[in-house]
Amino acid sequence: MASSSSSSPQPLPAYAKYTHFLTTSPAPFVAHVEINRPRKLNSFYEAMWLELSRLFAQLSHDPDVRAVVLSGAGDRAFTTGLDVQAASQGPLVAARSPDGPGDPARAALALRRHIDEFQSCVSAVERCDKPVVAAVHGVAWGLAIDIACCADVRLAAADASFSVKEVDIGLAADIGTLSRLPKCVGSASWVKDVCLSARVFDAREALAQGFVSRVLESKAACVAAAVQTASLLASKSPVAVQGTKEILNHARDHTVAESLRYTMVWNGAALQSKDVPEALMSGLKKTKPRFEKL
Amino acid sequence: MASSSSSSPQPLPAYAKYTHFLTTSPAPFVAHVEINRPRKLNSFYEAMWLELSRLFAQLSHDPDVRAVVLSGAGDRAFTTGLDVQAASQGPLVAARSPDGPGDPARAALALRRHIDEFQSCVSAVERCDKPVVAAVHGVAWGLAIDIACCADVRLAAADASFSVKEVDIGLAADIGTLSRLPKCVGSASWVKDVCLSARVFDAREALAQGFVSRVLESKAACVAAAVQTASLLASKSPVAVQGTKEILNHARDHTVAESLRYTMVWNGAALQSKDVPEALMSGLKKTKPRFEKL
Amino acid sequence: MASSSSSSPQPLPAYAKYTHFLTTSPAPFVAHVEINRPRKLNSFYEAMWLELSRLFAQLSHDPDVRAVVLSGAGDRAFTTGLDVQAASQGPLVAARSPDGPGDPARAALALRRHIDEFQSCVSAVERCDKPVVAAVHGVAWGLAIDIACCADVRLAAADASFSVKEVDIGLAADIGTLSRLPKCVGSASWVKDVCLSARVFDAREALAQGFVSRVLESKAACVAAAVQTASLLASKSPVAVQGTKEILNHARDHTVAESLRYTMVWNGAALQSKDVPEALMSGLKKTKPRFEKL
Amino acid sequence: MASSSSSSPQPLPAYAKYTHFLTTSPAPFVAHVEINRPRKLNSFYEAMWLELSRLFAQLSHDPDVRAVVLSGAGDRAFTTGLDVQAASQGPLVAARSPDGPGDPARAALALRRHIDEFQSCVSAVERCDKPVVAAVHGVAWGLAIDIACCADVRLAAADASFSVKEVDIGLAADIGTLSRLPKCVGSASWVKDVCLSARVFDAREALAQGFVSRVLESKAACVAAAVQTASLLASKSPVAVQGTKEILNHARDHTVAESLRYTMVWNGAALQSKDVPEALMSGLKKTKPRFEKL
Amino acid sequence: MASSSSSSPQPLPAYAKYTHFLTTSPAPFVAHVEINRPRKLNSFYEAMWLELSRLFAQLSHDPDVRAVVLSGAGDRAFTTGLDVQAASQGPLVAARSPDGPGDPARAALALRRHIDEFQSCVSAVERCDKPVVAAVHGVAWGLAIDIACCADVRLAAADASFSVKEVDIGLAADIGTLSRLPKCVGSASWVKDVCLSARVFDAREALAQGFVSRVLESKAACVAAAVQTASLLASKSPVAVQGTKEILNHARDHTVAESLRYTMVWNGAALQSKDVPEALMSGLKKTKPRFEKL
Amino acid sequence: MASSSSSSPQPLPAYAKYTHFLTTSPAPFVAHVEINRPRKLNSFYEAMWLELSRLFAQLSHDPDVRAVVLSGAGDRAFTTGLDVQAASQGPLVAARSPDGPGDPARAALALRRHIDEFQSCVSAVERCDKPVVAAVHGVAWGLAIDIACCADVRLAAADASFSVKEVDIGLAADIGTLSRLPKCVGSASWVKDVCLSARVFDAREALAQGFVSRVLESKAACVAAAVQTASLLASKSPVAVQGTKEILNHARDHTVAESLRYTMVWNGAALQSKDVPEALMSGLKKTKPRFEKL
């Protein structure tokens, strides 16, 4: 990936095929993905989450990418979540349609398949081998939280407005927020509060609860900080960075004993990497290490 | 549930049979349960936890209740925990009595049965289908923590005094604190500190650690805030709210993958609810939605 | 364990055999272990972690010890982590050596065995039946975090400098940090940030994130506070304290239901202890309880 | 429990209150429970499973009972399962009734509560502290399999006719068969075959697959063999027998490492029993041991 | 799906696009998939497992299919497993190639990605919502066992020759056999024996160990029996059959308590199906039920 | 390891230090361990299980050993289990001694430590990297079952007499039988039967239940068959064989999804082995492969 001027990044050709996401490279080995439907406040409909999934699968295997920044296009929203108008033609409504299946068990199957696919698409952000830094700004409701929870590091602009909004449309959030948010922060009381009430919380509160790591004064500053963080990660051994992401994600869902065993087996291969002597030597010599593609 | 004046709530007839708990309805679909033994600082003896269990089982299935507030009667204590005097005639002592079983294996069986029942009674607060908002004030020691950990949202009055007191009476807390507190807050070092030392901590510290979500200046303000939160939750779709509670409790104890799968199956039925179009429409029309009983 | 003057503690004879660790008793039933290689900033090589394991196994079974303080000798470092020079002759390098095994599968076996032993040695701090209070000061990088995560309570001196340093030497931390740190603090975003970037964080940040419970102004003050905490724990029933540690460690890795069941079985024996009436009586009589050795 | 003549057992007074189950004591410390609705082929309706649950809870705590035999009254059936006629007035139908809830999400809640209670009642057989020997004979369809899977040892009469019948009434078995049968036998292909097809299988096949341990030539012989087995178990240390049942049930659902840890904690109390020297001594002296009540 | 003469089934048009698999419909709602590379003894190369995955995903969602039969084309083999010649150009060799990555950590990543995709493709047989009956005949080595373990019911022809062959080519089987075979049969000693030794076992031994449910005298008889079983399953309520498959697969990997809970939530929707009264009524009236598509 | 005549194997020098076990090498890369206290029917006391643990740890890392056979010395017993006379001076009795701890909680700690060490020693047979073939003959009671369950493949002589004997001495088996036996065989009813009753079962029954894989007519034939099996395993790639053992042991305790993931990571290193081309080539050339030490 050729480094490009950070003031005016060019679209990355390999990612030009995605119509709802703009992908640029603001720094070496860093990809910046923007949810790109600003006129609709970056709200999602089905084609978008299918595309999101393919995009992150490509990033995951792209040897020219070592870290990813994710933000929304435009000044107003990271994303407002589901495009309610589009959703009104989807399976949520079909399941209850008078012309629909009519049988609750058959409707449940259709809904399960819909949810399964939707969950899997959003989880692509988490499955991405490379660390993802989310720069959250403006309106970040509903699906915004599902997606942000899949990122590895979360930064917020001061104007960010968060809400686990699903209860307000009559449903329990099912694309990942209820599964991941309790494991992103420490306070169970706070998680229950915001998930049960659907109330809005701001960047300061998100920081105090540990949902985001830093708050920046504006969207521009937030994206710049995210790019800076991603650049730092991209300068490290990709074997070490990607292994660390994998082991931390595994640790979240396993006991310490299981995690130690998995780490041991993982590093049985990873420690044979040339990156170890390269990193050690450059550390001693105070030089910049160069790591092979991964 | 008929709405009643919040300034002077009347006892709910269906709950008048409980002698140690006063249940009123300060707002539509909200039940307020007070631990009602103020002369003994709301300390517990066996008949009380048996009653607590039956009370919350009834609330769990009562279609007129959509959210619950839990506090202590009187100004001095949420509860001081176990009534030590009463406990001195219970199985804790019998197990060691010279006239008791005499066989440590047989004493262990008696103790396991005692603990099992006690745990199950207190867990009724967590099993309750409806969200429970605890308003913690005054002395909140020992069993107070076990109970508060079963609530969904925890608020505190400024005068609240917390302690995981059990180590001071020679035992490891066994009614839930050691199982749930580590999953209510983020700092393992703090959990170990307060559980191993039995030291008292105040409302400010509880807030800083995320054990409670808010601190109010007095018991009255704390109960009022809890009622307000409960009222907000009670105004939402009960299908959405109760599903959210269930899925969050499930998420606490499962991997993300397990949680996503469970959510998918849960919502296969829940998304067929009429609450979804009701909530969507009222959101668009800016009207107050009306949800069927659940 | 005879109490000794806290101003000038004497080495404990039973622990004089360890060459890299100095063990004293600053207070009754309290052992203070110092990582004792100050000229090398307490950096570790293989003989040291083997000794660490034996030392904590001995403390675990020593009836004269009820709480442990762990710090580094000297003013500059808790520990800087792995002694890189020594490591350069170890299996990390052998695995890649031109004269080494040559077969990646065989090299992986050697590495797994190395990691397995290393993990097990450091985990001895966690396995120790007695609570361990870590007093972290100065440089605390790499292995310092692995070890500190095994302690029960963590205090820091204001000069402490923390780093999950492994990524900077080309590897994912594999001696416990990635397995335990996510369970020591609440913010997943912060954990990913510090583990992926290897950046240094200070005592204030460690406190804000809940990694440590208190920050003291100096190493001396930090060690004194750790001794004070350990003394408090050592004054309690050892049956209660050690049971609490065991149940909390179990709870971290199990569901609430599993934890409650385990607690019930554990206390089936523990509640038969004479410590319970001893603690109850001394509480009522305001006397200092005396507990039998454990 | 007074021993009674095995040729003509008398009803046990403490269990006379149960109207659908006849409980006798064919041997010392052995209770024999018969499903007692022979005119309806021992088919179940709701009052029966509620009673089953209370009955086994009482047996579980009854110090005069050390082993239980479970069979059906009459010659024709262990049980034919659900009483379909009675079920047609139950929640299965109400959920779809035109006058019923009407909302699939609300109907799902009613069904979940119904299933939860039903499952819990049948699981009482498994929760019973004392080992249960099922003597299966005649028709044993549907619920018969759910119940038999909860027993510890299964014997069959040659005339037994088994079927996981639920698929034939349009549903997946939900009272335990699908959860427990795969853990009662080894062949997954056979489990899928009989559960997916609802085909009948006989005692010989049940034996070959390991679902039952023995086949006897008649119901009478089967019950006699079950009583004999139960008598043998009742002659052993109840601490040892009940501990073995508990640990085996725990082992089914846990890893070997978890099971070993649980066993260790369990036996920390159980090995202090006087039953150990009593059993050891009577073994050496070739005398019949006498164990205290448990 | 139009029923076709079982003596001469026609290829199903919707599945004509798959080049390595021939799909016909020998009975109503039954699809018969043949691994169709008989000249190479149905050995697999990469394009084949990718196609297998797409084929079973289509079957899973095809409302005209309610049960699937899987066999090999030709008389000689179900499949001989991996096409070793083709594999010699694949990642197994590339990882060690002198022109290959050269870095064991990078080679490990390539291998993990290869295995991950391969595992996922074969698991499509297990993920298929519809029950799959495997008719195993002739040579069934290596990958044949991985695939057969994903089927629900396994039948064998008398000439079937099985082998977990991977050890003989220097590797531990990694496409599912070692993960699933221990859960398909009861004897751990037998599983270790055949997996560690790679020895061949015949249909009689497979039957005795419970790996297959029936042995038929020839391939033709085996396929006919598989079609007959599949036809029986296809005649039942698809809600009931597919729910049973799902719950049994879930049960394999969960505790009984987890499985009961999942079943309860699943049936909260499924029991609302019209299939329940349809099946009940046709059972009472002795008529053939007709179930809506699913 | 030099091959030695199978008719008169010589003790292996590296294992001559073990006083209760005789280790010989009846075939290349095969070690034969005999429990060597025939005058006491190979019954165990504490020094023996400590030695067993060290012995199998050495075998596990010995590059000259690729498979292990385990039997008892002499004709009468594999082992009769615990030496009851020796045990009467151990912690089982001390815990109840009038001069002993006196406090049930403190006695429980002593017992837990005793059991923990004992379990860990016996588990060394399972932890051994190399496959272990148990040749069980004569009396095989109590501890014999705990040990046999840790082996990978179990063969029996026709004269073998098995019993899970512990209930007869008043305790639930706690050294592994109750944890592992349910995962060695398929029939839960049979496991409960033999564990609850302590009844003796013979080799034929052990074979029918799948506890052993083969029955040979005599001890000599059984040991010879075990050596033959071990020799076969020792002739294969040690990377493949040891990986297969590890993955199968992991699979026993994990879900299929977890097992597939672990296998993928494991083989990321293992597939890079030179053993793969060596095995492939020798398979094609029909030559005997030669594998490097591991």
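Lettered A, B, C, D, E and F in written order, each chain numbered from 1.
Everything that follows uses one rule, which is that contacts are C-beta pairs under 8 Å (C-beta built on N, C-alpha and C of every residue); 3 or more make two chains touch, one makes a residue touch a chain.
The structure presented is a predicted model; accordingly, all values stated were derived computationally and were not measured.
A.B. asks: Return the chains shared as contacts by chain B and chain D, ordered by label.
C.D. replies: A, C, E, F
A.B. asks: Please state whether B-F or A-F has more C-beta contact pairs across its interface.
C.D. replies: Of the two interfaces, B-F and A-F, more C-beta pairs touch across A-F.
A.B. asks: If you average the Cα atoms of chain E and of chain F to get two centres, how far apart are those centres in Å?
C.D. replies: Here the centre of chain F sits 34 Å away from the centre of chain E.
A.B. asks: Between chain A and chain D, what's the gap in Å when you average each chain's C-alpha atoms?
C.D. replies: Chain centres of chain A and chain D, defined by C-alpha means, are spaced 49 Å apart.
A.B. asks: At least two partner chains per residue is the criterion; list those residues in chain D.
C.D. replies: 104, 107-109, 183, 185-187, 209-210, 239, 252, 257, 265-266, 268-275
A.B. asks: Quick one: do these chains touch in a line, a ring, a star, all-to-all (complete), or other?
C.D. replies: Per interface graph, the chains form a complete graph.
A.B. asks: Under the definition above, what is the set of chain C residues touching chain E in their complex?
C.D. replies: 104, 107-108, 257
A.B. asks: What does chain B use to touch chain A in their complex?
C.D. replies: Those in contact with chain A are residues 131, 151-154, 183-187, 209-213, 229, 232-233, 236-237, 239-241, 243-248, 251-252, 255-257, 259-260, 263-280, 283-284, 289.
A.B. asks: Please name which positions on chain E make contact with chain F in the complex.
C.D. replies: Touch list, chain E to chain F: 84, 88, 92-93, 95-96, 104, 107-109, 111-112, 115-116, 119, 123, 166-174, 176, 178-180, 182-183, 185-193, 195-199, 209-210, 252-254.
A.B. asks: Residue numbers of chain D touching chain C in their complex, please.
C.D. replies: 262, 265-266, 268-269, 272
A.B. asks: Where on chain F is chain C touching in the complex?
C.D. replies: Where chain F meets chain C, its residues are 61, 102-109, 113, 239, 269-275, 292, 294.
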